[in-house]
Amino acid sequence: MSARPPKPPLQERWEQRMEVPLAVASLVYLAGYAVRILADSHLPKGWLDLCLAVTLAAWAVFGVDYLVRLRLSGLGALRFFRTHLLDTVVLALPLLRPVRMVNLYYRLQGRSNAPRFSLYGRVMVYAGLSASLLGFAGALTVYRYERDAPGASILTFGDSVWWTCATLATVGYGDVVPVTPMGRLVAVGMMACGLALLGAVTGSFSSWLIQVFTREDEEEGGKRPPGGSPGA
Amino acid sequence: MSARPPKPPLQERWEQRMEVPLAVASLVYLAGYAVRILADSHLPKGWLDLCLAVTLAAWAVFGVDYLVRLRLSGLGALRFFRTHLLDTVVLALPLLRPVRMVNLYYRLQGRSNAPRFSLYGRVMVYAGLSASLLGFAGALTVYRYERDAPGASILTFGDSVWWTCATLATVGYGDVVPVTPMGRLVAVGMMACGLALLGAVTGSFSSWLIQVFTREDEEEGGKRPPGGSPGA
Amino acid sequence: MSARPPKPPLQERWEQRMEVPLAVASLVYLAGYAVRILADSHLPKGWLDLCLAVTLAAWAVFGVDYLVRLRLSGLGALRFFRTHLLDTVVLALPLLRPVRMVNLYYRLQGRSNAPRFSLYGRVMVYAGLSASLLGFAGALTVYRYERDAPGASILTFGDSVWWTCATLATVGYGDVVPVTPMGRLVAVGMMACGLALLGAVTGSFSSWLIQVFTREDEEEGGKRPPGGSPGA
Amino acid sequence: MSARPPKPPLQERWEQRMEVPLAVASLVYLAGYAVRILADSHLPKGWLDLCLAVTLAAWAVFGVDYLVRLRLSGLGALRFFRTHLLDTVVLALPLLRPVRMVNLYYRLQGRSNAPRFSLYGRVMVYAGLSASLLGFAGALTVYRYERDAPGASILTFGDSVWWTCATLATVGYGDVVPVTPMGRLVAVGMMACGLALLGAVTGSFSSWLIQVFTREDEEEGGKRPPGGSPGA
C-alpha cells in the first residue's frame, strides 16, 4: 500500500472533482433503469424512451470519466485496465459507485478528528450497501426477464425482491425461482454475492471476536509481573 | 472502551434499580403478545383486550425508562440517540431485554471469583438467546399475518416455528413459506438474523480454534531455548 | 487447562479400561437401533425384541459407567454433572462415543513420536465423524416417524439420508421434508448440527489460512534486519 | 514444511517434464467426457466410442504417471499412497489437475520478481477454479443419470448447471433436484464442495480482515513512543 506511487496532480484533481457528479450519475442511472422496468405498462412510450436516454447518458458520464482517467494516468490501455480493476468494474456496473461514497465519508470524518469507525463497522457498511444496490438492480433485471416468461413464478416486482432476499441470505426457499436463461444467469451472479456477503459477515464477526479476545488477554497479561510471557 | 467517561452517579443508580423491573416487563410484553395471537379464537374479547393492555403497559415501562435515562444523561435527544443505539433497539424490540440479563449474570459471577466463562461461550449464549427470542417473536408475527391469508402454507403456529428454524439455520426448505407482504417483511428480518447467527457461530468457532492453536504453539515454543523466534 | 487437578488414580484406570468396551457398546447401540428400524417389516417380532434388548443393554453399559465415574470422582452428583458435561452428553447420545476414539488414536500416535496431526485436520476429523454419526442416527429417527405418516414425502430410508445430507450442508432443497412433529423436532436438531458443521469447516479453514499467512510473514520478516518492526 | 526432505533429482525432473502433458491430458479427459454425454443423441455411435477411448486414454496417462512417480520415489505403495494423497485424488479425478497449474503460474510469476499475489487472492483462485471444474463435471454426471429417469426434474443440461450453482452456493432452491440414487450420490459430493467453498470464501475473507486490522494497529502503534505495549 505505502509503496504505491503518488498519482499525478492533474489526475488527483480530476478524481476529486468527479466524486459528486459520478455519485449523482450513478443514482440517476439506477433510477432511470428502475422507472423503465417498473413503469413499463403504465407510462407512454415517450417517457420510457426518456428513461432509456437518461440511463444511457448516466452511463456515458462513466465512460467519459474512464477515458479521461486513462489519458491522465499516462499508462497504456491494457496496463490501466489491469491496475484499475475496481474502476473497470464500476464502469460496467455504475450502480456500485455509491459504495465509493462510503470511502469519502470516512475520509471526511477522519479529518474532523472524530473517533475512527472500526474496521468491522466499515466492512459491514460496505457489504450491506453493495448487497442492497446489487440486490435491487438484480431484482429489477430478473423481474424484467421473468414477468412475461411462460411458466414463470416471479410475476410481480415484490416476488422478485422476496426471491432476491432469500438468495442473498443463501436461504433459497424455492417457492419463486427464475426459469428463463437470462434470469438464471443473473441469479448465479446473485448467489456469488450471497456467498461474498456471508463471507463478509462471518469474517468481520470472526476478526472482531479475535480482536476483543486479544485485548482481554492483554489486559490480564498487563496485571501479571512484566517478566512473564509477553502477551498472546 | 477504557476512554469512555464514567456515567453520572444518578444514572448509574437508576440503571441498576431498573435491571430487574425491565427484564420482568420484557417477559410480560412477550407473554402478552403470545397469548393475544395464539389464543385469538379461544378467549373472549375482554381477555384479548387485557392482553393488549398488558403488552402496551410493558412497552410503556420501556418508554418511560428511556426518557428518564435521556434526562439523567444530560445529553440532547439526538446525541443520546446516537450514543445509546443499543438502548434504542431495545426500546423498539423490548423482547431483546433478557439478552442484557446475560451480561448481569456474568458480572455477578465475576464478583464471586468463579473462573470466567470463555468469550466463545459468552458469544454462543448471546447468539443463542437472541436467536431464540427473536425467532419466537418472529414466528408469532408471521403466524398472525399468514393464518388467514388466501393461499398461505403457514397454517398453524407449529408450521410457523418450523419455518422459523429452517430460516434461522439458512436451510430454507420452502415447504411452508410466507405469502403476505408483512409476513415476507418479517421473514427478511429473520434471514438477516440467520446470517448474523451463522456469523456468530462460525466466527466464535474460528476465534476459539485460533486461540487453541496459538496456545499450543506457545507451549511448544516455551520448550525451545529463549533465544529462539519470539512467539507465534 | 494446565490448572486442572489430576484425576484420582482409580478413576484414571477405570477410564482407560472402559475405553474399548464403551466404543464397542456404542457401535452395538447404533447397530441395534438401525436394525430395529430398517428391518421392521422383514424380521419376526422376536428378532425385533432382541434388537431392542441389545440396544437397551448397550445403553445400560453407559449408565453403569457414568455411575461408577460419579462414585470414583468423589464429587456430588450436581457438581459431577457440571464438570463432566461431555460425559453427560455421551450418556444421552451413546452413539457419539466413537468420536472420543479419535482422541485415543491421536494420543497413541503422539507417543510413537510420529509428527502430530495438525489442529485443522483434527477438527475436520471430529466434525466429519460427529456429523456422520449424528446424521445416520437422525436419518434413522426421522425415517421411523415419517414412513407411516399421512402426506409424508420421506418414504424410504434413502429419502431420509438424502434429506439429512441436504440439511447438514444447509442446502435444504425441500423436495422431501418431515411433516410430523417428532420428525421436525429431530430436523431442528440436525439443522443445529449443520450450523455447527459449517462453523467447524469455515473456522478451521480460516484459522489454517491465518496460520499459513503468519508463517509466510515471519519467514519474510526473518530476512529483514533485526532492528525492524517485530513480526506481525 | 521446511523439514520436508528434498525429492530425488530424477523424480523432480519427471514432475517438471509432465507438468504440461498432464494439464493437457486433464482437459482432453474433461472434453471427451463432456462431448460423450452432451452429444449423446446427435453423434453416430462411432464418434461416441472415440470420445470414450480419448477419455480413457487421458486417464491412462495419469495412471502411468502415478506408477512412474511411485517407482521413482523409492517408497512402498502404501507409504507413497499416504504421503502423496493429493496425487491420488488427482488420479481418481483427473479433471482437478488444472488446479495445479495455478501453482505453476505463481511459481513462474515469483521468479520474475513481480509483486507476489496475496494469499487471499490465491485461495480465491484455487477455490473458484476447483469449484468450476468439479461443478462442470458434476453437472455432466448428474445430467447423465437424471435425463432419462422417470419423474426427473433435471431434463436439460442447463437445468443441471442451474441446480449445480444453487447447490455449490448452498442456496438449494429445490425447483429441480436429482431423483436417482447415482444423481443424489454425486449431489452429496457437490454439497461437500459447497461447504468447502463457503469455508474458503469465509476463511480467506476473515484472515484478510484480520491482516488488514493488524497492520492498521501496527501503524498506529508505530506512532506511539517505543516504550509502549509491544503491538497487538
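For reference, chains read A, B, C and D in written order, and residue numbers begin at 1 within each chain.
By definition in this document, a residue touches a chain if its C-beta (ideal position, glycine included) is under 8 Å from a C-beta of that chain, and two chains touch if they have at least 3 such contacts.
Labels paired with UniProt names: A, B, C, D = Potassium channel family protein.
For clarity, every value in this text was computed on a predicted model and none was experimentally measured.
For subunit B, the chain whose average C-alpha position is most distant is D.
With rounding to the nearest 5, the Cα superposition of subunit B on subunit C corresponds to a rotation angle of 90 degrees. Chain centres here are Cα averages; for subunit C and subunit D they lie 29 Å apart. With centres defined as mean CA coordinates, subunit C is found 41 Å away from subunit A. Residue positions of subunit C with contacts to 2 or more other chains are 170-174, 198, 202-204, 206-207, 210, 230-231. If you check the complex, the residues on subunit A that touch subunit B are 158, 162, 165-166, 169-175, 197-198, 201-210, 212-213, 216, 229-232.
Taken in their complex, subunit D has these residues touching subunit B: 170-174, 202-203, 206.
Within the complex formed with subunit B, the residues of subunit C that make contact are 1, 119, 123, 167, 170-174, 177, 181, 184, 187-188, 191-192, 194-196, 198-200, 202-204, 206-207, 210-211, 214, 218, 222, 230-231.
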